[in-house]
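As structure tokens, here come the structures.
Consider the two complexes below, in which subunit A is the common component and subunit B and subunit C are the respective partners.
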Partner chain A sequence: MSEHQPVEGKILTLPFMFLGVLAAIGLYFLGVRFADGLGAVANINSGYPWGIWVVYDVVVGTALACGGYALAFVIYVFNKGKYHPLIRPAILASLFGYALGGFGAFFDMGRYWQFYNIAMPSNWNFNSVMLEVGLCVITYIFVLFIEFAPAVLERMGAKNMLRWLNKVLFFFIALGVLLPTMHQSSLGSLLIIMGAKVHPLWQSLQWQPLMALLTALTMGFSIVIFEASFAAVGFNRRPETPLLARLSKAIIALISVFLLVRVLELALNGKLGFAFAGDLAGNMFLLEMALFIFPLVVMLSRGNRDNGRLLLFAAVSLLFAGALYRFNAFLIAFNPGPGYSYFPSVPEIMVTVGIVAIEIMAYLVFVKKLPVLHSAEHA
Partner chain B sequence: MKRRDFLKATAGGATAALCGAGIAEARENKPPLENAIGILYDATLCVGCKACVRACKEINGLPPTLMGEDVQYDASRGVSGTTYNVIKVYKNGTSEAKDKEIDGFSFAKKSCMHCVDPACVSGCPVSALTKNPVTGIVQYNADTCIGCRNCMVGCPFSIPQYEYHDAKGQIQKCLFCNQAGVERISQGLLPGCADVCPTGATLFGTRKELLAEAKKRLAAKPGETYIYPRGRASDELHTHEKDAPAYQQHIYGEHEVGGTQVMHIAGVPLNKLGMPELPDRSYASIAEGVQHTLYKGMIAPAIALAGLAYVVKRNTSNSDQDDPDGQNSRRPGPNNDRGEP
Partner chain C sequence: MNDERNFEQLEKRLGVSRRDFMKFCTGVAATMGLTTSDAMAMANAVASPKARPPVIWLHGQECTGCTESLLRSEHPTIETLILDLISLDYHETLAAAAGHQVEAAKQASMKANKGKYLLVIEGATPTKDGGIYCKIGGKTMLDHVKEAAEGAAAIVSIGSCASWGGIPSSGINPTEAKGAPEILPDKTVVTIPGCPPNPYNFLSTVLHFVTFGKLPALDHLNRPKFAYGRLIHENCERRPHFDAGRFALEFGDEGHKLGYCLYKLGCKGPETYANCPAIEFGDVGGGAWPVGVGHPCFGCTEEGVGFTKAIHQLADVKTHAPPNAFPYVNDRPGTNSATPGAAALVGGVIGAAVGATAMAAKKLGKSNEAGDGDSQG
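This part shows the complex of A and B:
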């Protein structure tokens, strides 16, 4: 059999039921959104047309779902087979993250019943970054599905299908590396057209795609560390710390390049002063930098890397850093001009909370029912 | 450093120099169309009667915005799903003198600028917003729009309005009175707002005519008699004479974000009248430049995919290579499902 095994345990635990309540509340407000319009639930307005549903559910959510992408890069492109035990849970988390990001984009769409228009070549506007993001994310969800299919087929005992799939899988793995590279960078490029509405500390124009891509990769690696540590504690499994420690080397390289580009872009364009302006944007920038630098400092020392707890802290810090970078650029320091303001409404927040709850619930069901986590004796 | 200095710097060479590789220069601003039409709004002529706001609503079938029960005049404060055009007031200090920045007041107009190189059109994934190739009117097609609101985040003037309180909302904005069913421009009529404007403060014409007219006004000496056309810039029959005011030497929309077809002039600095300070370079040109440099018509991704597929295939068929101690690798054997993710 495979070296992956389902985790033993009941599905209907207390935390699971709590998540179920959150999901139900979220779904209720989603119902209101469909019945009475976006404005009945969300506080978005003409100055802030994108609220947390876009910025959290799609922009941050899919970056948090980059674990499968980041690992696929290391394992299959750089030929580091030893990270293999981590890939299945990562692909699964990515699948849910992206599927729900896609769902988020759908219910946030003002004319969702016409969403198929984006798939019709006659409508395509090749100048639109949004087109690239939309098509690429849809395709990637499908690719993740195929990448995860072996776990389902193993469980079903569909040996022939599995053999056939394994023959063509390399192509989908390659797509699974290419597509996130494209749309994660494009998610950053979305900021270019917003021009002067994006605060100078985040409006790097031509550099947007690179910064978005680098932070998506750091978030991807961090979520792998986070999930593996969580699974180790939650399901009483041996931690994969030595493996995770080695991942942190990749993270060090990525953060270093990111920080270098970020600071150089600001310095060369004479924008560093904004950082110390003492206003909300400046302070948010400093907080964001601190969240990026802390994990770098931690991971630079070998001893720290082998310490599971410190590694987890560093990973969490990086997740917040990448999320804050996106929130700052798209919302917190976004300024459409005088007269507009935005803060999410409670129902709007509950929808996002509900979606996250559904994601976690689905993940729990899957690891308990399907061979996802690496078997103990191989770990 | 102020935010606007940064904007200037962006328009200048700093970013381009940093970029080196030429991504920044991949596409210039789009030039104005030969026969682009437009509107010149001269705040110094505007008397704040809001006839244009009312005409706009009537022609486009939009309900009036009420203040309490009062239907006497339209109370719209900003553009919205039911308002394409508003006249606002600027006041300072004692508000005594018209068209003075200090202790003065001025009117201001807000409506779609029909940008020469529009961000809303560039960003729309499904071509629901398009620029008419002859008139340059920025048109909308609700039948393809998916409601992603990328046009709204992109528009520097926050013009497109999604109808948030409608379960089946759509984008609303000024379509230059030329959408199907209205078609005033195609019929040779004036857009509603210019048609009813009693002073010619909202003036229709080709962008070229309007630019020439605006330059002439800015060149006039304050106090000297000037002959103002009404309705159409080229109309020599319907004119009125008035002393030229002290204009700000700035035609808003001549250069901003690549130029706009609706342009404003005033006696008060335009950024005091709600017009944002923007660089001359259109953000659409930068975004498209980056996008097309990276993608090169999908050829670059196709090559990348071929390369990746090759590398992945090689690596999945000997993925144990890298791990000589075999510690974490899969056990070789008949059950080894090679190449699984």
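This part shows the complex of A and C:
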């Protein structure tokens, strides 16, 4: 009946239990955070009010969760149905990634008990980029949930409901393309407001939204390759390399445009010199560029694209590149004024690691219990 | 109706559009802190030709810088306006006539407009040896000033020389040069000090007189309060640097390039009363005034400061002196550096991601080789 089926296997494997330990440590420190306050756990300060909980969990995390967005774009906007086998796991990963982002924003909030105000239109500030991001991400989490609902309904055998949902699903799929376009570009707009605190190599002002969107899409496609490769290895399934190879063409186009805009913006504004200044910012920029250019070089050759191993390397390189681009702009090359410094504390990192562990554990449970992955005989 | 005609005539007379003219009057009113209705009153006063007061302009020991800066004010057609706003009956620099002819014209105007004309004095008056060190038309400046002051409706001394002696009075003062208020102790002499003073301070004072028939509010030195009520230091754009303890220490150093406070280079802004930072100089805007372009103020408007104190000498701060030590701004609460544990953890997380990728790639390579035959390609 369905093209998708659950992966057979038991839940409590050794890696699963290891992840459980990490999750427990993370949850412990999260408990400390709520009992004793932010300062007891995180190293954030007045100069760096945004630590890794925002920059990794929200800014990088939601970009890593763009697989569902990128695939929805290809499948439903460009009408490439052949990628359909990849969509359910991608949507599932997006759902967890975005939920992590929303949760991260919540526990990073100093006065989290005020969070309900975002649901009250009378308190909205329409000049706030943050409001746009917040509302958009919350809505998108619901949209992702509805997009993923068919998998749950199939498992429950609720056929009538499934039929009804399939009739209105197009609307949510459209929203699922629109909303990430809005908030992923807004994550770039956040940098515009930070002005001169952002290093000139990353402060491209009006180009910020475009660059954020391009990197988010690139990371979205890369994470699809990453997930598919790991699912193939982890569950001993046949690799979907041919399908992924064709997906990499989209990546080539996206990185090319991104690199062109990025380098031109720097060159035309006379900022290229900063790249070779030999300081931390300059070197991080060069590293970031190398991580962007390596996959481009790999993917340009057809032979390399068909090689699942090289494709995975390229995808991971791109994930690191996109993450580093965001980390550089928001934290590493960020200068809030003299005297401030930031490096995440051990508890802070453990919270993020724990949340990511929970995310992976939930993913494992879902693919084993629900029809998420594409059944091999239909491929 | 009458106003309308006046404005139409004014447009012809001055060659300015009504809009530009109204803008000018509003600007002048704003400089003095007056309301829009006062600006309208000024516009009407200027537009009706009857109100133009005759002006006798005397030059003593000076460089004509005040007149020059007035003529070079760049507001639309300001020179036309100043010549038309007032009836300039005597001005040595600008008069077409010369010699005894112009002296006779001056005498005639003073006689005809007795009690109505505005007397403007530019330059100091020497008083040593009966004032013989400055003579015009065979008469000493001392006599000219006293004679013209007799029938004047109001007296304005423009520039520091006329206000308190300026350059001619500095140092050993060989000619015993004095400002007009000292020569005319019984009269109210409005002083517009500065070297040169901002022309708009002068124009605003004159317009106020023309409009309301009286002088603007004056301070204890008879300076208009709207222009000299506050220290330069109070409105200076570099003031936040002063408060934060960021000073340029020599010309061209890092602090100077970054626009830091010039106090330690000898800026006299903290003891000089003038509105320079508010209205700036030369009508080009954008910080075009001495401190704005990076030179310390030398206190040209202030007696005992300008031409008296050395340029590098520290100002006597009238508000509050900076402390010898400022709180160390690099001490930020809650700032921690990386602990070895945290750094190791970050390295571990990145390493785990890279390692997992490598392991997956290894397996993927094997299954790729195995499944080569049934590729979906």
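Assume the second predicted complex is superposed on the first by the 379 of 379 C-alpha atoms of A that agree within 3 Å, B and C clash if a C-alpha of one lies under 4 Å from a C-alpha of the other, contacts with A are read in each partner's own complex, and residues count from 1 in each chain.
Rule of thumb we're sticking to: a residue touches a chain if its C-beta (ideal position, glycine included) is under 8 Å from a C-beta of that chain, and two chains touch if they have at least 3 such contacts.
Note that this is a predicted model, so its numbers are computed, not measured.
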| item | value |
| --- | --- |
| Side-by-side fit of subunit B and subunit C on subunit A, or clash | clash |
| Contacts of A:273 with subunit B and subunit C, given as first, second, both or neither | first |
| Contacts of A:232 with subunit B and subunit C, given as first, second, both or neither | second |
| First, second, both or neither for A:309, with subunit B first and subunit C second | second |
| First (subunit B), second (subunit C), both or neither touched by A:340 | both |
| Subunit B versus subunit C, judged by how many residues of subunit A each one touches | B |
| Contacts of A:10 with subunit B and subunit C, given as first, second, both or neither | neither |
| Touched partner set for A:265, first subunit B, second subunit C, both or neither | first |
| Which of subunit B and subunit C A:39 touches, first, second, both or neither | both |
| Touched partner set for A:349, first subunit B, second subunit C, both or neither | second |
| Superposition clash, subunit B against subunit C - the stretch among 57-65, 129-137, 219-227 or 309-317 that is involved | 219-227 |
| Where subunit A meets both subunit C and subunit B, residue numbers | 39, 44-47, 243, 338-340 |
| Residues of subunit C touching subunit A in the complex | 329-339, 341-343, 345-346, 349, 353-354, 356-357, 359-365, 367-368, 371, 375-377 |
| Subunit B - residues contacting subunit A, complex | 1, 3, 5-7, 9-10, 14-15, 17-19, 23-24, 78-80, 119, 121-128, 142-150, 152-154, 156, 158, 160-171, 257, 274, 276-279, 283-284, 286-292, 294-295, 297, 301, 304-305, 308-309, 311-313, 315-316, 319-323, 327-331, 335, 337-341 |
| Contact footprint of subunit B on subunit A as seen in their complex | 1-3, 34-40, 42, 44-47, 49-50, 72, 75-77, 79-82, 84-85, 87-88, 91, 105, 109-115, 117-118, 120, 123-132, 134, 147-148, 150, 154, 162, 166-167, 169-171, 173-178, 181-182, 185-186, 189-190, 192-197, 199-200, 203, 205-206, 208-209, 243, 264-265, 268-271, 273-274, 336-340, 378 |
| Footprint of subunit C on subunit A - complex, ascending | 39, 43-47, 229-230, 232-233, 238-243, 306-309, 312-313, 316, 338-346, 348-350, 353, 379 |
